[in-house]
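Next up: the structures, one after another.
Shared between the two complexes below is chain A, which pairs with chain B and chain C, respectively.
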Partner chain A sequence: MRFIIQRDLLIESIQHVMKAISSRVTIPILTGIKIEATQEGIKLTGSDSDISIESFIPKEEYGLEHVEGIEEGSVVVQAKYFPDIIRKLPLKTVELITDDQYKVTIKSGGAEFHLNGQDAVEYPHLPKLHTDNSFELKNDLLKDLIKQTVFAVSTVETRPILTGVNMIIEEEHLDFVATDSHRLASRKIPLNLNNENISFKNVVIPGKSLIELNKIIEDNEETITISVTENQILFQTKNLYFLSRLLDGNYPETSRLIPEQSKTIVHTKTKTLLQAIDRASLLAKENRNNVVKLQTKSNNEIEISSNTPEVGQVNEDVTTESIEGEDLKISFSAKYMIDALKIIEEDHVKIEFTGAMRPFIIRPIDNEHILQLILPVRTY
Partner chain B sequence: MRFIIQRDLLIESIQHVMKAISSRVTIPILTGIKIEATQEGIKLTGSDSDISIESFIPKEEYGLEHVEGIEEGSVVVQAKYFPDIIRKLPLKTVELITDDQYKVTIKSGGAEFHLNGQDAVEYPHLPKLHTDNSFELKNDLLKDLIKQTVFAVSTVETRPILTGVNMIIEEEHLDFVATDSHRLASRKIPLNLNNENISFKNVVIPGKSLIELNKIIEDNEETITISVTENQILFQTKNLYFLSRLLDGNYPETSRLIPEQSKTIVHTKTKTLLQAIDRASLLAKENRNNVVKLQTKSNNEIEISSNTPEVGQVNEDVTTESIEGEDLKISFSAKYMIDALKIIEEDHVKIEFTGAMRPFIIRPIDNEHILQLILPVRTY
Partner chain C sequence: MSKVIFLVDMQSFYASIEKAANPSYQNKPLIVSGDPERRSGIILAACPLAKQSGIKTAEALWEAKNKCPEAVVVRPRMQLYIDVSYQITKILEQFTDCIEVYSIDEQFIDVTGSQNLFGTPQQIAKKIQQAIFEDVGIKARVGIGPNKVLAKMACDAFAKKSPDEIFQLNQDNLAEKLWPLPIGELFGVGRRMEKHLEKMGLHTIGNLANHPVKWLQKRWGINGELLWRTANGIDESPVTPSTHQEQKAVGHHMTLPRDYQKLDEIKVIILELAEEVARRARTHHYIGHTVSVQVKGSDFQVRTGFNRQKKLASPTHFDMDIYQVALQLFQKHWDGLPVRGIGITLSQLEKAEIHQLSLFDDPLEKIKLNETMDVIYQKYGPTAIVRASSLMTAGQAHIRAGKIGGHDKGEGL
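Moving on, here comes the complex of A and B:
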């Protein structure tokens, strides 16, 4: 194998595949990056078995030559050293050469590295997906769906299925739902399926996969293709191939958790409420639960308060836009409320309560497609 | 105690005194910030016994009113909560009020915090220094002296005196010297003492104190006054008072370590050499010592190389500006060399070697006042 490549493109590709590489894998060769050179270009692969990422650098693109002098071949290099070496090379281009002992020579300017590599034949083959369950999304919309839900997945393994995000396609809508059983985040968008008949309810993507995917895909309007099989999901753009396993098991039916009636409705500015909760939580951190209280008052005011006897107490009156319905006094996790309000880009939110012991709902005003649900905490 | 203060000034003062506050102190009240209000302004104090910092916010300055409604008094607040609270308040001003139970009320907009405080009488008194050993420096020059030496102090406690920087005044020159016995950094500047007769050789300032001081003083041409007693040193600007203990013991005589003759002299570009050493060190990190080799070659070239059999090897030919004297092959710590070259702002350096087993010297060309010395490593 031999080629000369634009260094910045190689660095970008390395950063992408590194998202899948872990030093704690059971198959030793997976601590490496697989490099394959063909006349079409250079392909890098990283995998930890759960997530596999391929990043392709075409020989030519938009009339620019990215790679030259290609002699085909492949090798696996140690991911612990390769990225830093490429990043610190002196010139804008770098030449890679392998010999028949899988020794990799890296040349740029006066610098010459010789790294011990491994035979790429030892590297596991990535499965090729065969499915008709494919649909397309814009990159930026997929990023929104991830950001607005993935923070609510469970981080404990007591119910593994809850560590994933449930992806549902029904009636030409795509819905992402995540819950750790104390709160729930959901985002729904209309989906144009071009008359294809795709529908599924029980696809559960590991939260970790979506977090890594979100780091790699750019925030633009380019198209990403999503393909689903029984146990894997593939996200594919022009030069990127992101494969993740799906979680086994049945995702709980969450729609029945969402209250249909409400007894107290508060309209308020998102940021004002977020900052008041954030301040109140400063003194709530000594408590394991980080609990703050919300109480309706007269003149459209709510009081946010928290009390830790050893440290002190805090209370803040927040003027809302309106309070309708019954008086209310409720306690909840400041962290969950901050998480929920942070991902709402709209300036105004509506909060619907159904009493101090029932879950409550936060939604942006004029956007029914984002829903955040939080279970209150009993305080005595 | 009661006052209303500009919040950004209070935040800045808190950040300064926090540099002296540690959660691991034997005197519990030192985990707090002492706040004192007088008609002149507000003074904050933080201390861990080794370092004490006072930051003063004058009531008025440059015709601006920083503090209003002052009722004199003092209190100690918990440093764990106070900084975050002040930082997250909603308005540009904040009111502080204490009651006779040392309860501190913090008000800004609708937010109101009540924190448990402590009686300031319990807070240790900072010593007042009485000394004629005072001199003045510009802030930016003091920052240079610190940056160019403090990285070379010892980080192990086997010889505690080496964890400090030796400050010497002799013959109208100020000299900072640091060594961990494997390398040495020194910076000398001429000092205008206005005919006062100040001279000392054995003042040793803890490296940690200088690192914290460097974070607080601004990079400008304002004047800082330095006063030295037998066991303490005070750095004082208009609104800041930074007191540190000095280290006990005799600092070793370092001047005899510096070779007076050299056998090989290399002139080269600082950055080119720095980057080549940095690259070579990528593969040297598996070795405990992070050792790289330098070898003179023909055509004014030097070869920088490193070899870790399990990983691979690297070599790079660097074109220098000149090589005079004997051929040379020497091994040394890449980290020490990188540290030394990083603090040299000049574009060109001169390296003077006296054989493979003797310490070598790095100096900027045309600046005899900066000197870096490194002991080589024996390799077989």
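Moving on, here comes the complex of A and C:
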């Protein structure tokens, strides 16, 4: 194998595949990066067997030549050293040459490295997905879906299924749902499907996979193709192939947990509320649960307060746009509230309460597609 | 001025109480033993007369009877012993207000400030012995030192053997008295540690005291340094009136009446323990983040069993939450061999001030149910309501209700 490549493109590709590489894997060769050179271009692969990522650098693109002098071949290099070497090389281009002992020579300017590699034949084959269960989405929309839900997945393994995001396609809508059982985040978008038959309910994507995917895909209007099989999901763009395992088990039915009626409805400015909660939580951070109290008052005001006896207390009256229904006094985790309000881009939110011991719902006004649900805490 | 700390220790505490309570036993060898029909049928205490015949605490009752057939055997009355221990604390309060109850029959007291009132340390110690003997009829031994560690070793290694049952250790006589003793006599050295130290050539307390502390630190970390300090009589810890200020864990352990082999029977016990732990956590208003399970196998030679723990998704003080996790842990780690004892502990406690509600189980129902049960327990005792499973042969709830620390509760003072 031999080629000369633009160094910045190689660095970007390495950064992508590194997202899948872990030093704690059962198959030792997976600690390496696989490099394949063909006449079309260079392909890098990284995998920890839960997530596999392929990044492709085409020989030519938009009339620009990215790679020259390609002699076909492949090798696996050690991910511990290879990325740093490439990053610190002196010139804009770098030349890679392998010999029959899988030794990789890396040249750039006067610098020359000889790095031991491994036979690429030893590297496991990534499964090729054969499925008609595919649909397309714009990059930026997928990033929104991830950002607005993934923070709510569970971080403890008590119920492993809750560490994933539930992806549902039903009635021409795509819905992402995540919950750690104390709060729930859901984002829905309408979907124009070419394939009428596509529909699934129990697809659960590991939260970690989505977080990594979100780092890699660019925030633009290009299209990403999503294909789903029994136990894997593939996200594919022109030069990227991101494959993740799906979580086993049944995701709990969440739609019936969302209250349909409410007793108290508060309309308020998103930022105003977010900042007040954030201030109140400054003192609440001391106690492990970070609890703040919300109380409705007259004149469309709500009082946000927090009391940590060892530290001190804070009260703040927030003027809202309107308060309808019963008076209310409720305590909840400031962190959950901040998480929920942060992902809402709209200026105004509607909060629907059904009593101090029942879950409450936060939605942007005029956008039924975003839903944040929080369970209160009971104070003694 | 250096401090004056006493360790006041009761001679054969349980046996002495029984003898004081029943003068006709005064000149007979007496032993306090658990129920011979059950696992707890071991010698809990033996009076000095009985000990002369070679009886040792913790041996089986039948072994003790072989050695001394004429011994009077009495069953323990745990509540009485707790009451007497408290009575002794009250006596000690006449001499100082700085008392740390160390165990049921040992109490640390700081008499530094009492010397102007009651005389020299030797004189105070004598007065304390007299007061205790007159009030409860029990002989007390007093170890005197400038700190707790030396007081404790003065008592264990010397006061118990000296005629007036008082002994003082301090930096002046440390090297002469304490250092020649074998390493096993050092406070904090168990049987296993004794072997390790002997392998390093440290046979006496003096050997250890003069061993470079950094090598000990390297091998045992902070514990190595602690042992070295103990051997040199260095101890900064004050006598703290209540050592149990912040509780760290709530746990219960049960030695079973026979070895349990079937999972179904063990489940009954795990549930009973989970209930007890949960109930106690609730009474003290704690919730805990971690559940651990300790299992002792039946074979003493091959130490089987395990101690495993798991962190919960959210803190709890409810029996079923604890039970589920404890059972999971048990099933995951149990080797299937007969089980002699099981313990369950709830740790990483915090005050139960708030409870984060959850989507998938209705905690409100659970909270109300448990609050109601707690009221019933408080009013009618721990067996007013028990689970049906506790009525099966494997159940122990009713038997345990009459016990303290696994032994008969008896009548108190």
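For the reader, a short list of remarks on this structure follows.
As a working rule, the second predicted complex is superposed on the first by the 379 of 380 C-alpha atoms of A that agree within 3 Å, B and C clash if a C-alpha of one lies under 4 Å from a C-alpha of the other, contacts with A are read in each partner's own complex, and residues count from 1 in each chain.
One rule holds in what follows: a residue touches a chain if its C-beta (ideal position, glycine included) is under 8 Å from a C-beta of that chain, and two chains touch if they have at least 3 such contacts.
Just so it is clear, the model here is predicted, and its values are computed rather than measured.
Contacts of A:I265 after superposition on the shared chain: neither chain B nor chain C is touched. In the superposed pair of complexes, A:L193 makes contact with neither chain B nor chain C. In the overlay built on the shared chain, the residue A:L141 is in contact with neither chain B nor chain C. Of the two partner chains, chain C is the only one that A:T158 touches; chain B does not reach it. In the superposed model, B is the one of chain B and chain C that contacts more residues of chain A. Once the two complexes are overlaid on the shared chain, A:Q275 sits against chain B while remaining clear of chain C.
In the superposition on chain A, A:I211 contacts neither chain B nor chain C. In the superposition on chain A, contact of A:E316 is made with chain B only, not with chain C.
Taken in their complex, chain C has these residues touching chain A: 285, 311-314, 350, 352-360, 363-364, 367.
Residue ranges on chain A touching chain C, taken from their complex, read 154, 156, 158-159, 179, 181-182, 184, 252, 254, 257, 287-289, 291, 331, 333, 357, 359, 373, 375-380.
Of all residues in chain B, only 78, 81, 84-85, 88-90, 103-104, 110-116, 275-276, 278-279, 282-283, 310-319 touch chain A in the complex they form.
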